[in-house]
Amino acid sequence: MKNNNTSRRQFLVSGIMAGLATGCSSRKDPFTATAENEIQASGEKVKLLSTDGEVIEVDKAFLKPVPHIPQVSNAEARKGIAGKKFVMVIDLSRCKNLKKCQSACNHMHHVHGGQNWVKIYPMQDSENSAPYWQPATCMHCDEPPCVKVCPVDATFKRQDGIVLIDSDRCVGCRFCMAACPYSTRVFNWEKPELPEEIAQQEYSCETSVPQKIGTVGKCDFCPDMVRKGELPHCVTACPNGVFFFGDMNEDSVTNGPETFRFSELIRDKAGYRLMEDLGTKPSVYYLPPVNRNFKFEEGLKTEENKDNHLK
Amino acid sequence: MKKPNRNTIQWLLVISLSIAGIPMYPQDSAGVPDISLAYYAPHNNIPYVIINTRMKIGKKFSVVAGVPVTIYLNEAVTDNLMAKLTTDESGRAKAVIPAILKPVWDSSDGLKFLAVSGADRKFPETNAELTIKKARLEIDTASEEGMKSITAKLLEKNGNEWTPVKDAEMKIAVKRLLGDLSAGDEETYTSDSTGMAAAEFIRDSLPGDKNGNIIITAKTEDHDTYGNLAVEKIVPWGVAHVNENTFGKRTLWGTRDKTPLWLLGLASFIVIVVWSVIIFLVVQIRKIRAIGRKNNVAVQS
Amino acid sequence: MKDYTIINADKIAADLLPQKFGRNGKIWTAVLILFCIVGLFAYYRQLRKGLVVTAMRDYVSWGIYISNFVFFVAISLVGSLITAIFRLANVKWSTPLTRIAEIIAISAIVFASLIIIVDMGRPDRFMYLLLYARLQSPIMWDVIVIGTYFIISLLLLYLPLLPDLKILISAKQAAGKGFHKLYLFLGSFWKGLPEQYRISNRALHILSITIIPVAFCIHTVTSWLFATTYRPGWDSTNFGAYFVSGAFLVGAGAVVVAMYIFRKAYKLEEYITELHFDKMGKIVVMLAMLYLYFNINEYLVPAFKMKKPEEVHLTQLLAGEFAPVFWFAIIIGMIIPIIMLLFPAGRKPFPLFIAGIMVVTGAWFKRYLIVTPTLLHPFLPMHDAPETYRHYFPTWEEWAIAMGSLAGAMLIITVFARIFPVIPVQETITEKNEKAE
């Protein structure tokens, strides 16, 4: 997993770099084009060997293992990435409530102890139906009820479909929390406990860090990671490949090792969205818990551990 | 009787192993240092090596940042020095081959990368090496009578010749933002005696860019002999994609400058009507006041 | 204009002009101030530590602050009922009650706004509501409509006060120096000229017409803060009418209570007569029946269908955790007052006063039931959250602030009664004269 990850990123990055180095930027991918514009060439050149043993000159920026993509301004973050429409597919047949997604998310976003942006619900639709584990992130609805009710534009819908929060704008009225039918939003009831260097950072809408007292927080689909060509933290943290993430405009979703055509996956596995009748049009799709990899009961262990931990 | 015996042996093993482990890493008994090297040569263009410094604790690897690593080509001598690097916060560093090493590069068809990390409090001295054979990937596409196919060809260097590589596993895929979508039915393809692997393109009507172009890629991933090679080709096999969304339209979930017109009109109408009345009333009160003041003056005079 | 300086005018003025507080008045004021101070201290703690001092958490993200807000907005509607509707309907007997109703409305609307600021996670960003106002949000509609209603209510209080200010200015002995200056500032220009009366009467008429739709808006929009969401118990097309009817009931109840207290405290038996109580009793019983009707509509229809998300909510209300409060609000807040007030004996001052207290108390808990139980019954189960997040019982800080705000509203009324006549003096004189003729 880890290796695969790195190599994919390396590939993407090196692709960008090669384009930069040779000056024949023939890529048409709108996203890569964005990234390319954002990489700042240092202007200094170094002489290197090519695969053919030729000596060629490239920009010094090529020497960095990861290109430096500066954090976008909050004004830019409000617009989102042009030409994209991010979707998530959650395969319920693979989930056994390991909660790795949750801990990775909490760690990366410094979520307040006890609160969670990703929740794994034990679900049972009716008395006689089988229970299953249902991870739930923010649904990033296309007609988000939370955004409708925000009085100050603190939460907003971007062109790439992601719903984010500007914690520097939020007045803490919590109307969005009442409006969200998925109970996805959490509130910073007290001053977030953050490491000094994190607390001092400027708030970024894309990383949702640092959280601020008296404001609302929630899952952000990790657009900062996506800008780097990496998957959201919950996706990479899941050892069972439950989460798939991708761009609907490319009709592809991936969990890292596996990549599927989104439309085929949803068609073949009868994907659905939560509470379709509410008309919120979520960006998160679920694959029903059929042909499961794990028994429901296996997930109960994690629950017990968690309960003990909380006590 | 047998079972407890085996258990005892296992326990003894564990104990002796952990005892053996302790003196080796007195500074950090938590894990085993690990340097991994990976060779990349995208587009048959600029080769480089990615170095990862990690600590193996139990079964898990954890990243160690800021480890100084020295990389040599073929031989660990000063003349063959590629780079002296320090891994970044994600435990990664990238080494390219400087132009001075051209003689070393040219001297053989294979490449050997040697990484040495100096002894450090958090990362004891560790060596790693990676042997790679110079190779190149080629990609070609064909489209005949509605059948679209992609062929990838892997060649390795033997003296002055590039010879085909048989039985090499490679991916033939459509490049997507966060992962590669296999172009055909298979996840991976294996080269035949001519070094070629062919995939039939089955991703009909896959969205491309606004002109319908998609990027086809062929790559080897972590290949034992050839590392990570990759080539790309742009083909007009996709469907022109026009992005549609409600962003920038006047909707209830739009921003404050995108209020739906009916709402804006209705609200403004109500506010204007009501506040006109209020202003009218305030004017009336001022009128009452003016009358009173005038009267006051009249009385006094 | 008639000659209105007939013999008993002086007596009326003497009876109705504000007086210095007696011992009881002072104790009452001191108690209210004490409540306010405790509330302020609790708010200081909340400002320092954040909303963590409340019992609100991610599920119950709105608690008694919001139910208190709804309660205040509801009570404030009474100003429009007693003053505007009765004035337009040419109801004469309500004259002595108009000012009481109007000051209740204003103090309630002031504290409705304050309690909303208390509920905000970032009160320091209050100005953002104006700077970044987003018209799509029902909160913004509420901000606009509450601001408008406040201004209109002030005008409706001020205009009929002008003739009384003239009397207050002339009767110097009634007030201290500071008050006298205030009277001069507010009403020195009122000379009682026919032209002034003409303009004033016309303005009052326009105001009475304007305030009614605005009053309906203020509470309808407040109900929409809930009804525009999907949650069981809030997702109702009926909410506006339901809230407005409830608001009229609690407002009328509050006026009844205030009437009784002012009548006792200021010895106004001659002005607020048993007739007034009888009439107000009839209005309360009518409004209580109306509100009961809306309640039945609001609970019976979903209970008949028992849609899955509604099921837990309704069973918890009707027979579960919230049943005691629910039935308290229904029985004490509506049914018993209805039974009492259907009989003429129940509409005597004291029984009506008791019924008024029952109505107001029931209404306060009713608002709590509208806000909190719904939040405890989300669509997805409460999960992956600490145990404390799954219940709600207000902390002492919340109680202190809520009680402090109620005390604050009563303090405004009390102070107002100390400075201004609670019964319109001039209008009473005029009406008595008209009757005498």
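Going in written order, the chains are labelled A, B and C, and every chain counts its residues from 1.
In this section, a residue touches a chain if its C-beta (ideal position, glycine included) is under 8 Å from a C-beta of that chain, and two chains touch if they have at least 3 such contacts.
As the structure is a prediction and not an experimental result, all values here were calculated from the model.
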Chain labels contacting chain A and also chain B
C
Averaging each chain's Cα atoms, the one nearest the global Cα mean turns out to be A
Greatest Cα-centroid separation from chain C: which chain?
B
Using mean CA coordinates as chain centres, what's the gap between chain A and chain B in Å?
14
So the centre of each chain is just the mean of its C-alpha atoms; given that, what is the distance between chain A and chain C in Å?
47
Dist(centroid_CA(chain B), centroid_CA(chain C)) in Å evaluates to 60
Set of chain A residues in contact with two or more other chains
148, 153
Per-residue multi-chain contacts in chain C, two or more chains:
132-134, 136
Among all residues of chain B, which ones touch two or more of the remaining chains?
252-256
Of chain C, residues touching chain A in the complex:
49-52, 54, 56-59, 61-62, 119-122, 125-126, 128-129, 131-134, 136-140, 143, 225-226, 228-231, 375, 378-387, 389
Spell out the residues on chain A that touch chain C in their complex, using ranges where they run on.
102, 114-116, 119-123, 136, 145, 148-154, 169-175, 177-179, 181-183, 185-191, 213-216, 275, 278, 310
Interface with chain B, chain C side, in the complex: residues 132-136, 141, 144, 148, 151-152, 155, 158-159, 162, 188-191, 193, 195-196, 199-200, 202-203, 206-207, 210, 214, 217
Enumerate the contact residues on chain B facing chain A in the complex.
38, 40-48, 50, 52, 61, 88, 90, 92-94, 96-99, 101-102, 105-106, 134, 136, 173-182, 203, 206-209, 211, 213, 215, 219, 221-222, 228, 230, 232, 234, 241, 243, 245-248, 251-256
Along chain A, where are the residues that touch chain B in the complex?
2-4, 6-8, 10-11, 14-15, 17-18, 21-22, 26-31, 46-53, 55-56, 58, 62-66, 78, 80, 82-85, 142-144, 147-148, 153, 156-159, 161, 226, 229-231, 245-247, 249-252, 254, 256, 258-261
